[in-house]
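After this come two complexes, each holding subunit A, first together with subunit B and then together with subunit C.
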Partner chain A sequence: MADLIAKSALEGLVPVTHGALVLSDATPAAVTSVAPFRGKGRAVAEALAPMGLTLPAPNRMETGPVGRIVWFGPGQALLLDAAPGPLAGLAALTDQSDGWVGLRLAGPGTEEVLARLVPIDLRPPAFGPGAAARAPLGHMTGVVMRADDGIEILVFRSMARTAVHEIATAMRQITAREG
Partner chain B sequence: MRIPGGLIDRSKPISFRFDGHQMSGYAGDTLASALIANRVRLVGRSFKYHRPRGILTAGSEEPNALVQIDQPGGQSTPNTRATVQELYEGLSARSQNRFPSLAFDLAAVNDFAAPMLSAGFYYKTFMWPRAFWEKLYEPLIRRAAGIGALSGKPDEDAYEKAWAFCDVLVIGAGPAGLMAALAAGRAGADVILADEDVRPGGRLLSEREEVGGSAATDWVAGVVAELEALPNVRIMTRTSVAGAYDGGTYAALERVSLHLGEPGDLPRECFWRIVAKRAVLAAGALERGIAFPSNDRPGVMMAGAVRCYLNRYAAVPGRRAVIFANNDGARRTAADLKAAGFEVAAVIDVRPDSSAVADGPVYRGAQVTGTEGRHGLTKVSFRHEGALHEVTADLLAVSGGWNPSVHLTCHMGGRPVWNPDLAAFLPKEGAIPGMIVCGAAAGVFSTAGCLSDGAAKGAEAASGLGFTAPAPEIPEAEDAAYALKPFWIVEGKGRAWLDFANDVTAKDVRLAAQENYAGVEHMKRYTTQGMAPDQGKNSNVAALAILADATGRGIEGTGTTTFRPPYSPVSIAALGAGGLHKGFAPERFTTSHTAGAERGAPMIEAGLWYRPGYFPRPGERNWRDSCNREVGYVRNAVGICDVSTLGKIDIQGTDAAAFLDLVYANTFSTLKPGRVRYGLMLREDGHVMDDGTTACLGPDHYLMTTTTAAAGEVMRHLDFARQAFCAGRDIHIASVTEHWAQFAVAGPKSRPLLDTLLDAPVDPETFPFMGCGEVSVSGVAARLFRISFSGEHAYEIAVPARYGEALYRDLVGRAETLGGGAYGMEALNVLRIEKGLITHAEIHGRITAGDIGMGRMVSAKKDCIGKAASQRPGMREGPEAGREELVGLRPLNAKHEIASGAHLFREGHPAVREHSEGYVTSCCWSPTLQSHIGLAFLREGRGRHGSRVRMKDHLRGLDTLCEVVDPVFFDKDGGRARG
Partner chain C sequence: MRITCPHCGERDRREFYYSGAEDYLHRPGEGAEPAAWDAYLHLRDNPAGVTRDLWHHSLGCGAWLVVTRNTVTHAVLGVETVEKEQDQ
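Our next item is the complex of A and B:
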């Protein structure tokens, strides 16, 4: 039996480097939308505990040894990089793994680059470890997350090309300011 | 010429051109200071009368020295203020509004006609004949009155938009702003210090004075060094804060690379939106002139600007000067000129009781009555103790006092308050929430006062946010009282100019009052005072003082015109940064995009998506040839089409079925797992919102599809309905549009194709028409739906998007082997029109379920969103409503075209608007029926099947007689789709 070939929407688009700024592929291995069924909030929390996770507060992201879970809306979170198996039957689970691409921007000036595209304060005091937000990226909609190294952004798969183009343009202009 | 000293860098000479003449200056020069150093006095012609004009100020308020900056590559920027433009190597500037040359300007003849051209002249003279205004008068006037010209080329340069955030925004980096930033910064607040100048310091850069026992410029350097070392302080130079908006948001324009000849990757400008918890306005003050006859000659300059050019730029605007003032401050100008070694021919002070001591002969209680000099000042005449005097001079430094820069405080509707002691408008307290004002902007005019006021207000702003620190020590500085006698105009023969940029005189203002344009806003519009690029910064207060005098209301009773953003000009390109080309709309690509593009498919934009229109083959003459072939694939073999752009919404929860019953007009709670149902969704107002199918994937688990066009709207609608109407219910929705790549496999050979592809053949029991279920493709879990938008036996197969491209190429290859292939949007459209299936061409927002023949889908057994409103009179079906209903149209002659947008008329009726009985929404050539066909809305159309209507397209000139038919043209009983 022949296999279907899997292809990333970021193929050929990243990495992009300008000066010390690097934009790279950070697409999570799995993305699952998690919305606890009515009355199952505690059960979901208990199921998440062994994964080192809790349901995140608004604009927060929890990180465990394997996966992360990020606030996505009222009663809704995105489980990243982890299998949602333990939550089956407790929450509405929707596989979104192929719907999002992840980008990581790292290097000095990361926040300055994203200040061109994202209308929220992303500097570490305001947007430190554990911070996450659903926010526009230019005219796109995205999820912005503080990462150990830089900032990660989830955008719709279909918009990967535009997202990379716009971030790369801002990277080039910020690098020119440094120079 | 130059004198020693100044803040220019003489180790970096710069050559530039003005009107083609090669000149030189230094790093640190503005174009204006370099022109002055090169003894250029005449820099432009005025807007209306083409009067010779010279540099008046040294700041962004400059009304006269507006020049055109030519860039390499043919781009050119008009109306650049020479006082703001920094010099760079190779800069090329041209004067504006002159022909053929600056010194000899033909249109200066306007000046001789000036007695006729007073305010209101155009309104009165060119009233009739009416048609002449647009065709003749206006073009002529526009040609004569101009300020620069655009290059006519699209602006391809880079601009930027950005956000910034802070605790305290300090606007202006003069003595008050520096101290405010220092106080707030030392306290630990997150501070942005913004100034329009290239370097911080404000007036201290232009004055000879000491702060804290050393030169003011040294003190500035020390403070700037400390601020730069503070990690919580950000200094933004070349950044003009242009507007104050709600929520502590301020607009600012940064000149990023306008000072560079070769900007590289730098944007020209950056438009900032700065969000600040507090703001300290330290914008300083602008010196105002005095109106006197012929006060607009090159060589007449604001006194403070003279000091700026002397002290900051070491550039000498004149060697024999006259000072004309109503306040003590201007005496400094005489002192500075004298110190630089130049002669002060006269100090003319309007105050009879002013000090007699000055660096030159003082005439107290005297007034300047006129000037001479064709292209530059040569002589000043004045009246003193009843006698007229004349004195030769090439520079006349004028000061009528200072106007605090209150502009930003007025951007949210606040009006400034007249202070008679200072003869100035001061900011109204609390006019902008979170903003406090200090220094000269608040009417504190001495350096010492600015330093202490700035420190206090900076500390106040920070402590309001919980940051405290000992107040910074206040260094010793100049602390003279602001001694001034209000004085606006010298009466006499000759025109006394107020608004230099728009050529408005004191007489014009009085004429406005005389003709009963006596309100300040009416005066402004009648005379155009304050409507030029400087927005009246140099003339507003004097103009309304003269208006106040003319009307007898007093200045306080007259009030000011409205201050609106921006404070200084903001280029549209900066506001629109990022919107060039496709920058305003992200591009959404399907997984099959590359495969489609490789087949030469022209792309059609559907919302943000790009979808293939058709797939041309060699030998095909036009799109319709390709489309006809692709329709044939689906009708006769099998066609493949990417339908991933349709919205897909995953709905789960024990209340999911009830939720579907609420949002859909028809019932879904009876839908069994493994089955799909067509659904119609109404808006709250009872009109059709969208249609689509919803599949029941399992107990309490549904997948809704929407049209491509309404995907976002429906998702928003569902989220609203879920949160607002169903709070506490167990309903969970998630968009999965992007996760699944979905392809239509349509045609009589669709099942044979899928049988070769799927890991197990399609089971007809599991997949009857409107069935769905899970299948497997090469081990990949996929979803299969037996639905049809073409009327054929058809499926849609969905796989996770990463496999989309591979599956699409595979499907197309198999279809081609079976005598079919890929089809695009054109064929898809033809297929659905042949079947009378609707799109948003039909459900365009004013259509009810009844209009499209689906009235009975609005279930009588349950409520739904929009049901109540759909029952209103006029919305219901029936002859009393007389609504237009969906019909099919067939031309009597199959070759006669039907056109979308064309209107329908009764045979024999005149084809005019009043007789229109409907309109065409969709049309195509049907290769299946070998006829043009169309879908249309026709008044009471369902009862008129078999009758004739006349289709008239006034735009395309088509006039086609059609038969009204059932909208389903092909396979009316649907046997092909079910079979």
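Our next item is the complex of A and C:
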């Protein structure tokens, strides 16, 4: 079988730096949608426990030693960077690894930049550690997550160029105001 | 206008898609009279006041919602998921 070279959808687009703001590639190595079968929510939570995870509450994200799991809607979560093997038979599992790109925006003014694109309050008091939300980025559907360093955003892979363009434009405008 | 999604909390109107009157939840049963189908498909009230309609949280969690609102004051009076509405 041919050995194909995987190419990131963000290749050549990031990193973008404006002032002290940096936009970088934070695409998860693996993305699996997890939809527990009817009545299996507790069993899924128990299967996640050895991974240091549980089923996340709405607008929350759980972080374990290896991976993370993010609330993705009623009865649905996204497992990031972890193998979904232990959940087999308990939940509908769909590999979406090739469908998403992740971006990390970090630096002073991160919340002000994203305030131009994401219509929810992302400042630390409202969106602190463990917070995550399904929210629009401009006109794109996305997932926004509080990271140790800044804020991470998942958007569809096909939207990578548009997402970088919109965020980079907002970064430039915010930097110009403060400059 | 802001809508409080039962899952996500208070969100901006631009995250939601308007999908028509609540009547779409009351589909006539099998063998219903043509008049019932006519009413289901075509007949709508146009109230100046409280109305109930279906919204989709399309740029958020994807839930279908029944929103009760006032067309005169623009106040949003209540939001429920369709599942919960139909359980009642």
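Operating definition for what follows: the second predicted complex is superposed on the first by the 178 of 179 C-alpha atoms of A that agree within 3 Å, B and C clash if a C-alpha of one lies under 4 Å from a C-alpha of the other, contacts with A are read in each partner's own complex, and residues count from 1 in each chain.
Everything below uses one rule, namely that a residue touches a chain if its C-beta (ideal position, glycine included) is under 8 Å from a C-beta of that chain, and two chains touch if they have at least 3 such contacts.
Everything numeric here is computed off the predicted structure, so don't read it as measured data.
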| item | value |
| --- | --- |
| Touching partner for A:119 - first (subunit B), second (subunit C), both, neither | both |
| Contacts of A:7 with subunit B and subunit C, given as first, second, both or neither | first |
| Of subunit B and subunit C, the chain that contacts the larger number of subunit A residues | B |
| Touched partner set for A:58, first subunit B, second subunit C, both or neither | second |
| First (subunit B), second (subunit C), both or neither touched by A:74 | both |
| First (subunit B), second (subunit C), both or neither touched by A:175 | first |
| Partner chain in contact with A:133 - subunit B first, subunit C second, else both or neither | second |
| Residues of subunit A that lie at the interface with subunit B and also at the interface with subunit C | 74, 119-120 |
| In the complex, subunit B residues that touch subunit A | 158, 160-165, 190, 256, 264-267, 273, 275, 578, 582-591, 608-609, 650, 652-654, 723, 728-730, 732, 734-741, 759, 777-780, 799-807, 810 |
| Subunit C partner contacts - residues on subunit A that touch it in the complex | 58-59, 72-74, 119-120, 133-136, 141 |
| In the complex with subunit A, residue positions of subunit C that touch it | 7-9, 11-12, 14-15, 58-63, 81 |
| Residue ranges of subunit A touching subunit B (in the complex, touch as defined) | 1-9, 33, 35, 37-38, 74-76, 91-92, 94-100, 115-116, 118-121, 123, 125-126, 138-140, 156-159, 161-163, 166, 170, 172-173, 175-177, 179 |
